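Should a chain be cited, it is by its letter among A, B, C and D, assigned in written order, with residues numbered from 1 in that chain.
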Amino acid sequence: MKVVGARLPRYDGVGHVTGRTTYVDDVRVPGMLHAAALRSVHHNARITRLDTGAAAAMAGVHAVVTHADVPLLVYGHLSGAGIPGDEPLLAKDHVRYRGQPIALVAADTVDIARAACAAIEVDYEELPALFDVRLGFDGDAPVINDTFGNWYDQYEGNLDVRQIRKGDIDAAMDAADLIVSGVYRTQSVEQVPLETQVCVAIPEPDGRLTIHTCTQAMYFSLGVVCSHLQLPMSEVKMVGGTVGGGFGGKVDTASDTLTALAAQKSGQPVKWRWTREEEMLASGNRGPWHMEIIDAVTSDGWILGRKMLTIHDAGAYGRFSVYGLTKHSFHHTGAYSIPNLHFDGYVVFTNKIPTTAMRGYGVTGLSTAIEVHAERVAKELGMDPYEFRLKNANRVNDTSPNRIAYEDPSTVEVLQSLAAATGVELGDGLRAMTREQRSGDMLPDHLVAQIGSGGGH
Amino acid sequence: MTSTAAVSMPSSEAEAVAAVTAQPFATVLAGGTLLVPQHTLGQVEVERAVWLGRAEMDGISRSNGRMTVGAAAPLAACARLDAPVGACAADVGDNEVKAQATIGGNICSPAPYGDMRGPLLALGAVLRWADPDGTHTGGIADFAASGGARPGVLLLDIAFAVPEAGSFVALRRHHTQSLTAMSVSAVRGADGNVTIAATGAAPDACRLLSAEAVLAGGGSIAEAADASVADADPYDDVLASAAYRRRVLPVYVGRALEQLGE
Amino acid sequence: MELTVNSVARTVQSPPLTSLLTVLREELDITSPKAGCESGGCGACTVLVDGQPRRSCLTAVCAVDGAEVTTVEGLGTPEDLSRVQQAFIHHYAAQCGFCTDGLIVAATAYVGGGGSDDTGDIGEALAGHYCRCTGYVKILEAVAAVARGDTFDTASTASSANNTYVTIAGAES
Amino acid sequence: MAVHRGKGLATVEYPTGMNQNGDPSQAWIKVKPDGRVDVFSGTADIGNGSKTVQSQIVAETIGVPYDWVTYDNSNTDSSPMCTGTFASRATFVAGNAVLKAARQVRERILAVASRELEIDPADLEVADGAVSVKGTPAKSMGVDEVAGAATFVHGELLTGDGAHLNPGAAIIDPTTGEVDKPPHAAISYAACTAEVEVDDETGDVRVLSLTQAYDIGRAMNPTLVEGQIDGGAVMGLGFGLLEDCYPYYPTAEHRGDGMNTYHVPTMAELPEIKNVLMENPSSGGPYGAKGIGEMSNNAQPAAIANAIHDAVGVWVTEFPITPERVLAALDAKREGRSEPRREGRVVAFDEELSINSFTSAKTWGA
């Protein structure tokens, strides 16, 4: 191999260092209008009146887009995977988070667009808001989501919970020398791409739409736009592929769809670039996770079983959260083989920004919880943290929570490499460990039944 | 925002005063680090502005034990002064922002900006400002009481006695752009008296008179630090909670006094 | 108002309080300064004003009337890259590229002002520039390499000193 | 004041490709009459380097120099379907699509060269932009000549298309979570040690170093891998210590609306970062690749939390680990309130945070 493996420069490196790379905000189109959004000022409120008349009549305003202009108002990010949509592209009669878009104005200048947004008349009836997922199950909690209630309730088998059951958790708890529980809560994080959300939509003379997009996923966005606009894919050309940072936050495509609607309605090219404040306060972010772990362990350092409760704070709407929770459930043993599992996971809605993908989606908070818990258990056992981890590390043909045999695990080897790099002296037994299938001392009775047949990934 | 506000560019302090106080009253543009972005984002309306960049109001001079700093002196220049003023100025923004932001602009900016009010309060600095009624002098509090920064008012300079010693400590994330959550400035004057002021301990910069009194009465640093809480009126904001501010104010007061060599 | 932008005399029509960033991007169509935050917080819009790095989003255009403004377009071309530009390619200091233009401008001023190859010094000079992709490691290496006087092969990239490679047992090819 | 140092460890694993799979990528390639190769793929480059890596895969697979390859991901009219750049899938899944397309191109180059050279294609190889006879390197013709012959002599277009789809895994059993086939394309592994300094009077934490070991599958371009891992480390530091959209979570008050109130890491908190990169080729990835872009911010938060415990003996399990939270934990420890509940075999930490302390609507326990 000569090209693969070579330290070649970036394909787009020269463009990046000379200011020549064209990002969406750099696209110049004659006659381009500029857009601004009217967003909810409340966390939870009914919209009792929405009057865009004064705004639409302002000089320089070419289109005011509201829910009434969207051919298919509700379309789910995971509709293709059979998960119902729950989020209107623009709020109709209810706002469920502060910052939720209600209208988009396209005008000659962004100043006029902002002034027109301010001229839109909205009356709200404010309602109590819910922010703490731990309170979402209460009978007297405000109802957050019209489609699902306060937590997603349409998993396979009509369950309202994502479950993993493996082995015999009760037996593991009975057999344990120590039962260690802990609660881990990770926060909401904004992706903070240096390029804020931005879109340029152009109505073409042949009736098609060209959409310059900063999406991380042009075809996904094409599908979302065409669904909301009820157009065949041939009627929209997404132009993109060059993104000023995404980190998961540019998989949502609301800016593309709304800009396209404004371009359609005005008949002119429209640019919508979010301000940094909008990006920070209204764009989908990494969701918070509430995780409770109970490990059943032996005094010599084996993890016999794990009970885990996870509550994912989705914010006001589902977006990708069910996907994220399922991924989370599949990885809730982390880098370890734990044969007896009882996992319950919920996607709970609150009156916060709908959360979305971010680097490590579904797992970053999980890894954080698992690894602090592992350290606590090792400390409770009085055991060296390397030894505890290496002993329980997943190995070839150990099985994951969903019964897939690990093909090429390297937990053992990365730990050994890290120890060497940090000057940690591992004992002979730990230094000699490999990822090979368990046998001898490394295959105690409780792990025999979970060995798979191999051949998975 | 593409408002068509006219901007005049005076070439002396006197011209600047005349330009600012003429009708309709003008908004002062110094470094622009707050005004320009607010203007771009449509958050402020400017009818008329006066830019100080050529008004020769950026001098820093010392005579007879007093330091006089022109309101348009950039923070990068102020950062070369002794503590607490220098250390505080050095703590604002990164080098590019410091090169542009001015001490006058900082003083005139609302919390959580306006860090320089802390050290200047501790120093008992005298501000000189002009408005349509003439030129006035007074402390930070007097300037605020007069209505503070607004169109038609021009901060001219800031003067303070060079202290025998000064110190400055700040509660901020070790992070370049983070706003300072809380800061403590301490000054020992020629008379040996110690004055202490804080930002972020109350909604605006404040003197920590209780702590000063403990020191004046011969109390220890620890006693003074503990006493400082009585002068605080802490609050929650995005940078820190009220409880945390209350909890660590004595720590920072203690550190400022240690640094002062009390 | 008159500006010299990348050695070309330009007359500016925008109102005087307009930010230099808006003037460059929207009036003069010079798009390398980026509107990352428009509030002075990120550094993506930094340009040289009479040789000094300035946040163009914080600068009213009237305040630079008559000045010489240099953006990254004025520092080098694809055919004739400046050393800082070469270093950013060779040391892989640009990933998405959105912060890169401002960083190259600021780094050019740092090195041009005799800045050392000390990472702490570079960090202090450039710390107001956000990069969400690189973790800054390779940016600091690129700037240090320029300060050291290295020459750069832009057809290849350099590994950082902080990386070592191993192959898992049994997977050698 | 006392500043305490500590070290902490964390180990993580992470899947490549979309959870449950079922995320297709497609690509097609055409060769110009002078042998230059145009790749059309819908994979966005978000800074991760997918244009570079996929171009490398194509050049390697066909056997032409890297600079012969142009890569067009600019629009959905010319590019076929790609699910997108997320889920650490751009190198593995989309890379497999261009790999397959490139293999087809290579076969067609060999077929035309075979006719031109009158040699069985099995006896030919392509490298460095030339087709040569195995064992007789002197007998060769350039890929440019092959492409010219295809165009002007044989009336053919050298082209290739490829698609990659890991079949979607259904959740077979909603009760147990058992799946019928692997829900991931590959899994990668990593470990990290953080070294921190904690100020026990203010709760302030500074990360001095992050040392990390990553299973990277096979590095398509080692420099790009390093860039991903360095960037992930700093993002993980931000997650661990600095960043929070809702500083008073679960309330929604006092949100950071800009760069000076929401704390993305800057150069000012950059620790020393050292990486060990371990090649552990995956069976299904192009040239053994795995996706490591996302996992690279997963290990640092726990390593930092564990290092803080090592330094000052407190566990902070609500993130980010702000000075406020550290100091509150230190105060609790000083006041004897930090020990877990210990009853028999049970060691219960953090009971005040548990859902059990907030509601009886959902019961939870051992």
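We take it that contacts are C-beta pairs under 8 Å (C-beta built on N, C-alpha and C of every residue); 3 or more make two chains touch, one makes a residue touch a chain.
Keep in mind it's a predicted model, so treat the numbers as computed, not measured.
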Interface with more contacting C-beta pairs, comparing A-B to A-C: A-C
Whole-Å gap separating chain A and chain B, where each centre is the average of the chain's CA atoms: 42
Geometric centre distance via CA averages, chain C-chain B, whole Å: 31
Distance between chain centroids, defined by C-alpha means - chain C, chain D (Å): 26
Touching two or more other chains - residue numbers and ranges from chain B: 1-3, 41, 176-177
Chain A, residues touching no fewer than two other chains: 6-10, 12, 192, 243-247, 275-277, 410, 413, 417, 421
Sites on chain D at which at least two other chains make contact: 45-47, 49, 215, 219, 221-224, 232, 235, 255-256, 258-260, 264, 266-268, 274, 276, 278, 280
Chain contact graph, described as a line, ring, star, complete graph or other shape: complete
Touch list for chain C against partner chain A, complex: 25, 29-32, 34-39, 41-42, 44, 71-73, 76-78, 81, 85, 88-90, 92, 94-101, 104, 130-133, 154-159, 164, 166, 168-169
List of chain C residues in touch with chain D within their complex: 37, 39, 41-42, 92, 95-98, 123, 126-130, 132-138, 140, 157-160, 162-168, 171, 173
In the complex with chain C, residue positions of chain D that touch it: 45-49, 215, 219, 221-224, 226-227, 230-235, 258-260, 264, 266-268, 270, 272-281
Sites on chain C touched by chain B in the complex: 14-19, 21-22, 38-41, 43, 46, 52-55, 57-60, 62-63, 106, 124-125, 127-130
Contact footprint of chain C on chain A as seen in their complex: 6-10, 12-23, 25-26, 28, 191-196, 243-247, 273, 275-276, 410, 413, 417, 421, 434
